[in-house]
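Order of writing sets the labels: A, B, C and D. Residues in every chain begin at 1.
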Amino acid sequence: MNSGIITNLWLIPAVPCAASLAILSLSNARRKSAAVLAVIGQVFALGMSIFAFLPTLQTNSFRAVQNFTWFTFGDQALRLGFVLDPLAAAMLVMISLVGLCIFIFSIGYMAGDKNFVRFFAYLSFFSGAMLGLVLANSLLLLFIFWELVGLASYLLIGFWIERPSAAAAAKKAFITTRIGDMGFFLGMLWLYKRSGTLLFYDGGSGCLESAGLATLRASATFIALLIFCGAMGKSGQFPLHVWLPDAMEGPTPVSALIHAATMVAAGVFLVARVYPLFSLGGINGVTSSLTVVVWIGVTTALMAALIAIAQADIKRILAYSTVSQLGLMMVSLGVGGVAAGIMHLLAHGFFKALLFLGSGSVIHGCQGEHDIRKMGGLRRLMPVTFVTYAVGMMALSGVPFFFSGAWTKEEILRATEHWPRSHAPYFLMLAGVVLTALYMTRQIIYVFFGNSRVASERAHESPRVMTMPLIALAVCAIFFSVVLTPAWPWLHAYLRGEPAQFDVARLIQPMVFVSLVLVGAGIGLGIWVYRKAGAQDRQRSAEIDPLEYAQPALFRFLANKMWIDELYGRTVITFSWAAARLSDWMDRYFWDGLVRGFGAVGRVFAMLTTSVDEHGINAGVDETTAGTRGLGRLMSKAHSGQIQTYLAALAVGMLALLLLYAWLG
Amino acid sequence: MNGAAFIVISILTLAAALAAATLRKLMHAALSFAVAFVGIAAFFFLLGAEFVGLALVFIYIGAVAVLIVFTILLTRRDIEKDRGFNWSGVIIAVAVFCGLTWAILKTASLSIVAPHIRALTVKRIGEALMTSYVWPLQCIGLLLTAALIGALVLAMEEKR
Amino acid sequence: MTPTLQIFLIVSAALFSIGLLAALSRRHAIFILIGIEMMLAAANLNFIAFWRFAPKPHQPPVGVMLALFSIAISAAEAAVGLAMVIVAYRHYRTTNVDQLDQLKG
Amino acid sequence: MVGLITAIIFIPLLGALAVWIWPQKNARPLALICNVISAACALALWRNFDATASGLQFVERHDWIPAIGAEYLVGVDGLSLLLVLLTSLIVPFAFLAQPMPRGSYATVLVMQSALYGTFTAQNFILWFLFYEMSLIPAFLLIKIWGGENRDRAATKFFLYTFLGSVAMLLSFLGIYLARGTFDFATLAGLGKNGLLTGNLAWLAFAGVFVGLAVKVPLFPFHTWLPDAYQAAPTGVSMVLTGLLSKMGVYGFVRLLLPLFPNQIRVVGPWLLVLAVCSIVFAPLAAWAQRDLKRMVAYLSINHLGYCMLGLFALAASPVVAAGVDAHAALSGVFMQIFNHGITAATLFYFVGLLEQRRGLRGIDDFGGLMQRTPLLCGWMSAAMFSSLGLPGLNGFIGEFLIFKGSFAVAGPFTAIAIIGLLVTAIVFARAMQALFSGPLAQSCSAFPDLLRTERLVIVPVTLLMFAIGIAPQFMFNIFNTTVVHMARLFA
């Protein structure tokens, strides 16, 4: 069975893609078949993923590759391949499981949409591409799927295409991530040049194996940083994070699947996948490229957490939270805690999908309202949503012992603490934990506690098809911690390829108390600051945020996302648009003019020979007034119709030939 | 070959040619044109091509110059006001002259003196014309006839 | 002093340039014809000079033959050209070539 | 199978005659029948082509004008075959795009014959004859059947390309006088040790370079292109972009690179600068265009710039490119030639469809089309994504290989050229936003979606794009041996 699954790995991405094609060919009215097809594709992918997962359990550091030749150019072959190792297998299961929950949720959420069929086609396509991405054993194949998930993200963000804001957000996402992708592309070319292969593992000659790495030497830093550009774009790291909050224009299941659980984590996955490139030649696990990763991650995590505090849109808060958590994962990878980062990625996939679906349920219940200040009191009206949401919130904040997020976050903090280069990231990350707890508390208070406000009066619990996935994900978010605890760090060991040992004594560690105190501080601070906000009655509908009341300038700064969008608008976008206009102008006038200048050699005769003549002067004036008339018009000036002009041209031509003859000797 | 004669002839020819090109009055220019061709004919004599020189005199001075004069007379109303002189022509002409002279002077193989040759008699020219060049001669005859008829047709008054 | 081939060629070049000057600068159609005739004559002079200075004279005398034919052709050209001047004059009431621009593109 | 190439060349000419003689209503079917026949011949050529043999195949050689070394010498290698197939594909595609007047069918057929000739001729005089023979129909098509500004565009097109051709002809006369042959293979053999000496070599190089650079077109000789493509009718634009520009690239591969390797090595960095300028400035200019046709035209310049980048990087590198890089660059260029041919033609086709429906083709004349015509938008998006180099579609394969090959030998230039990929994406993202999204524009509310006939045209072409993007081996089989052969020649 082992080899069977290895040789058929390609089926995992192929089946959802095929389902997508099949759905695309359905007519708009066949909603049921579309949903069924999509779910079948996803169930198949999940089943295959589990089948693929099993062999990786049997041995430590299991790795199987299936390489094949894509095409030959000249007498060279371009080879691609799929790889199955703990990293890929864990990602596969998480993606297909979360994906399945979200597919089912979408059936309820999108029930009223007229493009229901198209939605499932896109979603299946995304799922296929994402599964392919994690399985890729070649940077090129990874890049291909990378671009395809980008395409799916573009299509799904802009799914409600009649909304100009959705279209603009889709464009922004596409272009911003593509900026990063260009760096990735360049890094890939460089890697290909140095190592001569793009296969990660190829029986010892792959680019991540020692022989391949040895060819890189100093260029590894640059290659790693260029590839990291791609990860920055996809994972919304500063300064390319601007697209991710806007991407919330897409339907909520999309936000949950793509912009929280899976695709945005692809950047983290990529760094983990090519980690040998980053850590090549490091001392104590510190290299320049990893240092860059750490600082980018720290900046992103803190900045996004701060911005999240001042947002009012329920999905935007979660989006910034995602950005912040991705920053945290990057920090973890940067300081050397690859396993910790991936564990957080997996756990985050579950609880962030849960939170987004919960928010989708809230939005669904509140007739499409996104503003948390107009909600309130949903605790009673939507009990299932509330409970699951609270589970997600506590997992995200990192409440110890029972929630998966807590254990992974501790793991990351522990890794950060021992980073040899600087302790600043550690303390900044501790601050990040407080902030996370704070903004999640604020959100919960606004949405679920206090009195009902404008949007939440007629709220109702969502149908079963939507609450079931919520419950499933909540269960995952809790029980996932079983394999995460220090007592039995099975996942950690699995990812690192070590045997796991059970030891209850390790459950109690100083870090647990640190994080307990920090989370408690964050939640307590949140309750203290926002205690009144939730209780505000509907007349005084909470337009003024307590923080805004206390620190109006700071709040404005955060609420406006630190004016980063505006800054880009004024600089990068203005500049590139100006460059575009300039190129156009140059083309129309300068280059064309230059070439017309060549053509005007003939015209010079016309001007010269008729200079005393009224005709010539007239033509000159005409020419200057209508300076932009075409070459044809100008050239025809040379055809003055006068024999003498032609004769003069002949004479000059003869002279030119004479000179040429002399020059040639 | 006589150097003094060459100098005299060339001065005469070039001066006359310049006059023909620049004199304002058309009639004067036409007369200078005739003189210039006398000079060129003299060159031909100097070079030992007497027959060509004579042909030149007959054709140009006897026929072309007369034709020019007739044309001037026929288009009388227009000739006196020969307006405008284009200086760019001068520039181009001077440039061409400089270019040619430079090329000629640069080519070292041209500074040779004339070898002694057998005098070119009319008999030899006639033989050549009637043997190796008989077809070109016929063509030229045809061309001249065509030109004659063409000129006549062109210049005849249209009958309404 | 014995004139060399170079001197002849220079004189011929001068003659050619003067012809070009007449053809380019003057406005009257007849001047253009005069200029062209002079340029042709300069070419003839070259033919004869090259024939005369050739180290081994050709048999038959090619240069002379070419000059003869060239003179004949230029005579024909002059006749047709002058006829055209007359026609143009009749048609446009002018012999000023500036105003004869039917070829204008 | 001897005579097949001659048949391919002359069938369109006969077809042109037939179209010209028969009445108007039969013009389109006749033109298409003629194309079916020549396409069948081209397929037969492909079937019988020995992909493992290097060198020319199906050679036909007859004396023509022995005095000047002109022969009727035609033959195909992988590159020629690729272009013959492309021609057989694009021309019928263009005929199906829009009904045209009878005269233009005949003229396009003449051009098709010239194109076949250009891609198969192996003797300069013959090649040049066909090369010029394609110019005049193109001029007439723009001048007579073009849209707005056609006179200006046609004159500009003609003068540019004609002057370029004259320069090239003079250069080849110089080469002939020095070497006494017009045969491509012989000349290529001589090229390595310097075809000509001293300044003459530079002069000849400049002449050939300018002639071909205008045709491609390479920055800054490109300014005729937007005007010409904009003014030409849709079908003609498709042929112009899909095939005529390929003549320039083909000329670079077949003539300039083998004949003047030493000259290219000296001016190489400057040529690379020109290629990079094509790649970067053209899409920037495209971004600023309002007219969709003009926008696509500028992107054509960008895509051909990639071809030039690959070729120049290969030929200009001070170090001899390693086998893998040389093969990648050349294969990439060949793929790009084919891909750009079908993709750009498809884009023009779609712009033509939009123009047919709306009567205008400004980018802000549309809006919200996705709601009204989802099929049109979907298929058009596929073409756009192919053009911006999305993996899974054909554009990516060629671009990846070109970048791979040229990055290894001309890293900094290639790194700058990446900007071109980004700006292309911006251009298309903007176009998709403006055309497909937002509320449905009033003026577009009566648009029909893709008609059955239109679907029949577009689906096979798009499927071909996908096929090349996913499993391109069948394309590589055509020219792999040629690539190896040429790489050895350049090394």
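In the analysis below, contacts are C-beta pairs under 8 Å (C-beta built on N, C-alpha and C of every residue); 3 or more make two chains touch, one makes a residue touch a chain.
Computed from a predicted structure; not experimentally measured.
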Chain pair, B-C or A-D, that carries the greater number of C-beta contacts: B-C
Centroid distance [mean C-alpha coordinates] between chain C and chain B, Å: 6
Chain centre separation (chain A, chain D; CA means) in Å: 36
Mean-CA-position distance for chain C and chain A (Å): 81
Approximate Å spacing (C-alpha centroids) for the pair chain B, chain D: 56
Junction residues of chain C, two or more chains touched: 20, 23-24, 98
Of all residues in chain B, the ones touching two or more other chains: 84, 86-89, 92-93, 96, 100
In chain D, residues with contacts to at least two other chains: none
Chains grouped in pairs wherever the two touch, ordered by label: A-B, A-C, A-D, B-C
Residue numbers on chain A that touch chain C, as the complex places them: 609-610, 613, 615, 635-636, 638-644, 647-648, 651
Touch list for chain B against partner chain A, complex: 84, 86-89, 91-93, 95-96, 99-100, 102-103, 106
Chain D contact footprint on chain A (complex, rising order): 70-76, 118, 140, 143-145, 147-148, 151, 158, 161-164, 166-168, 170-171, 174-175, 178-179, 182, 185-186, 189-190, 192-193, 196, 576-577, 579-584, 586-587, 591-592, 594-595, 599, 629-633, 635, 660, 663-665
Complex contact set, residues of chain D against chain A: 149, 151-156, 159-160, 198-200, 203, 219-223, 226-227, 281-282, 284-285, 287-289, 323-328, 330-332, 368, 370-371, 374, 385, 390-392, 396-397, 400-401, 403-404, 407-408, 411, 414-415, 418-419, 421-423, 425-426, 429-430, 432-433, 436-440, 471-473, 476, 480, 483-484, 487
Contact footprint of chain A on chain C as seen in their complex: 20, 23-24, 32, 97-98, 100-105
